[in-house]
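Common to both upcoming complexes is chain A, partnered first by chain B, then by chain C.
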Partner chain A sequence: MIIIGELLNSTREKIRKALAEKDAAFLQDLAIKQQDAGVSYIDVNAGAFAERELDVLEWLIKVVREVTDLPLSIDSPKPEALALGCRLAGDDVILNSITAEQNNFRSIVPIIREFNTKVIALPMDHTGLSEDEGKIFSIANSLIESLGKEGVSPDRIFIDPLIRPIATNTVYGPLALNLIRRFASSFPETRRICGLSNVSFGLPKRKTVNQTFLIMAMASGLDAAIMDPLDEALMSQVKAAQALLDLDPYCMNYINAMR
Partner chain B sequence: MNLLDSIKDNVICGNSDLNSPIRKGERGVKELVSQALEQGVSPREILDEGLVKGMDVIGRRFKANEIYVPEVLIAARAMKAGMAILKEPLAQTGSKPLGTLIIGTVKGDLHDIGKNLVAMMMEGAGFKIVDLEIDVSQEKFMNAMKENPDAIVGMSALLTNTMVGMEGNIKAFREAGLSNPVMIGGAPVDEEFAKKIGASGYAKDAATAVEVAKQLLGLN
Partner chain C sequence: MIIIGELLNSTREKIRKALAEKDAAFLQDLAIKQQDAGVSYIDVNAGAFAERELDVLEWLIKVVREVTDLPLSIDSPKPEALALGCRLAGDDVILNSITAEQNNFRSIVPIIREFNTKVIALPMDHTGLSEDEGKIFSIANSLIESLGKEGVSPDRIFIDPLIRPIATNTVYGPLALNLIRRFASSFPETRRICGLSNVSFGLPKRKTVNQTFLIMAMASGLDAAIMDPLDEALMSQVKAAQALLDLDPYCMNYINAMR
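After this line comes the complex of A and B, so read on.
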């Protein structure tokens, strides 16, 4: 299971404030806490600063790099921001994200190639987010194929089932789980990823929904998540689920984490 | 309970009709509105004292975090079931809506949950809704504004890279001489941003959107 720590995101109010005030200590503390919690990547997002995004992102990455060498996930829809992030972040970057919409695809592929990055692939095209399982699956299929033609092998692709809030329609739960299952069986070399907290929008005790969904999704073939690694219950459940799915030989990770 | 209170109560609990899963088998908003019309209650009174009052309670409870998104959605569905019956009689009696709201998610953004919640609460408060849906171009907003010169415009965004489009939109509206009040909302925007781009109002949630819209029309 690959965990990407989601906390350094400028759409969160505390982070936006810390970025605006250049509160490096606060941001560095969050980076270290996420590292200590065992994340594989730290997501960085400065998108809330609109036209100042590049400057703020540059500063954020520098500040994070002063305290940790963990690989980063560069989170922006802007190709310029992704490229800048790659130049500053060092090796093993994840680009968050690319879609099947042609303009987006064409502008981001060169960055994946130049910096030899991994990428989170969102199966949506110019028609937007589909509600139809078959259609989402077929967009995912052609997106993975198109990336392959550009030299991006499946093991560098994190495919996302585009989880939507079950508060608005309860079919979104099974829709996401079915897609994860189909992605896992049809594209076993890719990773299946999701942004976890979306699923619980609009509901009480969101953490409970996130935790339950994560376990169900892992059982369906999810093997990466963008999530809050400081949620201790969630992290423990990830480790227990891995042991239960025979992904943790002799349960040693689980034992060591719980001891 | 009198009939209008009962309509209000069934909007609040989300019982749209006899077959809805809420209070299954009990008459819902649809049947009760029909009954009220048969008894000669005026359509306006059914709307104001039944449906709108119900949605008003939903709005207040949602804002106070006492109820959650699915509860708002089923209440709105019940309200709409009543509106479907009332539409014709309201038009016949020449009853006018509180105002008109043109609403859409800005260009490049495909998110509709927040936009839909606002549209529902505004409709529940008695506004006529012109829903331009998602990924709405400047031109589309402007055409709707020309057709509805008295309307308020509501623009929504969830993405940080689309919120900047709001600024260009407002500029273009004003340059084209369209003076409709514009309110904005969505996760990445705030009061400060609204002021900066010259929006007339900012609402942090759907219930607040109703208050802001009423203020903009001088109704509060």
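After this line comes the complex of A and C, so read on.
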């Protein structure tokens, strides 16, 4: 299981404030805490700063790099922010994200190639977000094929089922789980990823819904997540899930983590 | 999701003591608490009393019946205890359990037929507990067929994947989940059930493993469990899982339970 720590995201009020006030200590503390919790990547997002995004992102990456060498996930819809992040972040970057919409695809592929990055692939095109499992699957399929033609091998692709809030429609739960299962069986060399925060939007006790969804998704073939690694109950369940999926020989990671 | 409350089981030290001392109030309190927690059935087991089992079981059922009309799951390897339980328990009994071993099968089928019960079917035969997925599946298949020939329709059968402690071998996790998936797709009219306590045996923080396994099993097609309904975190996750599986329109049960 690859865990991407989601906390350094400017859409979160505390982070936006810390970035605006250049409170490096607060942000570095969160970077270190996420590292200590065992994440493989730290997501960095300065998108809330609109036209100042690039400056803020540059400062954020510099500040994070003072305390950890963990690889980063560079999180922006703007190709120029992604390219800047790659120049500053060092090796093994994940770009968050690319879509099948042609302008987006064409502007992000050169960055993947130049910096030899991994990438989170969102199966949506110029028609936007579909609710049809077959259509989403078919966009995912052609997105992976298109990336392959550009030299991006499946093992560098994290494909995302685009989970939406079940509070708006409970069909979104099975939709996401079915897609993860189909991605796992049809594209076994890719990773299957999702962001956790969306699924529980609008419901009480969101952490319970997030935890439950993550475990169900892991049982369906998810092997990466953008999530809060400081949620101890969530992390314990991820470790239990890995043992239950026979991904933790002798349950040693689980046992060590619990003691 | 059908929840069978597991707490009135004489293999638990406190229950054995309460049964030995005829502490009706303690046992009735547990029956009511399980009912209040939302179980569909209450399991009753007096098996720890060996040759006194029938007397103790009779007293236990009488005591439970003084405080609740919830249907019971009668839990014993002894046909005479199951038959006695059926005579005392009223309608909609689940027999816990029957196997494909011929002596066991032949002695329990008449009880299912006489009292028109449901039954938990354990896919094991005279060779005991198998570790081979194909063999367990094939025993399950012939057990369901044999029950069918005796007039027991699939909707009265709860088939159990026989989960064993992952601390002894982590392959038991995927083995159980794969079996649940295969049972769900091959025998859609049956229920898929499991007992939760076994899977975590020998591990620290057993509740975390139990919770995680139950959620993964629900994502794989489990729709009944023998479990501790007083574990609030477990029950919250079951409700979240039902919403995420589109079994709770508008998330109303989840929302009401959380508020």
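What we mean here is this: the second predicted complex is superposed on the first by the 259 of 259 C-alpha atoms of A that agree within 3 Å, B and C clash if a C-alpha of one lies under 4 Å from a C-alpha of the other, contacts with A are read in each partner's own complex, and residues count from 1 in each chain.
In this section, contacts are C-beta pairs under 8 Å (C-beta built on N, C-alpha and C of every residue); 3 or more make two chains touch, one makes a residue touch a chain.
This is a predicted model, so every value here is computed, not measured.
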item	value
Which of chain B and chain C A:254 touches, first, second, both or neither	second
Chain B versus chain C as contact partner of A:204, first or second or both or neither	both
Partner touching more residues of chain A, whether chain B or chain C	C
Touched partner set for A:167, first chain B, second chain C, both or neither	both
Chain B versus chain C as contact partner of A:11, first or second or both or neither	first
Partner chain in contact with A:77 - chain B first, chain C second, else both or neither	first
Touched partner set for A:220, first chain B, second chain C, both or neither	second
Chain A residues contacted in one complex by chain B, in the other by chain C	167, 203-204
Complex contacts: residues of chain B adjacent to chain A	68-70, 73, 110, 113, 116, 134-135, 159-161, 163-164, 187-188
Residue ranges of chain A in contact with chain B within the complex	10-11, 47-51, 53, 76-78, 124, 128-129, 165, 167-168, 201-204
Sites on chain C touched by chain A in the complex	166-167, 170-171, 173-174, 177, 199, 203-205, 208-209, 211-213, 215-220, 233, 236-237, 240-241, 243-246, 248-251, 254-255, 258-259
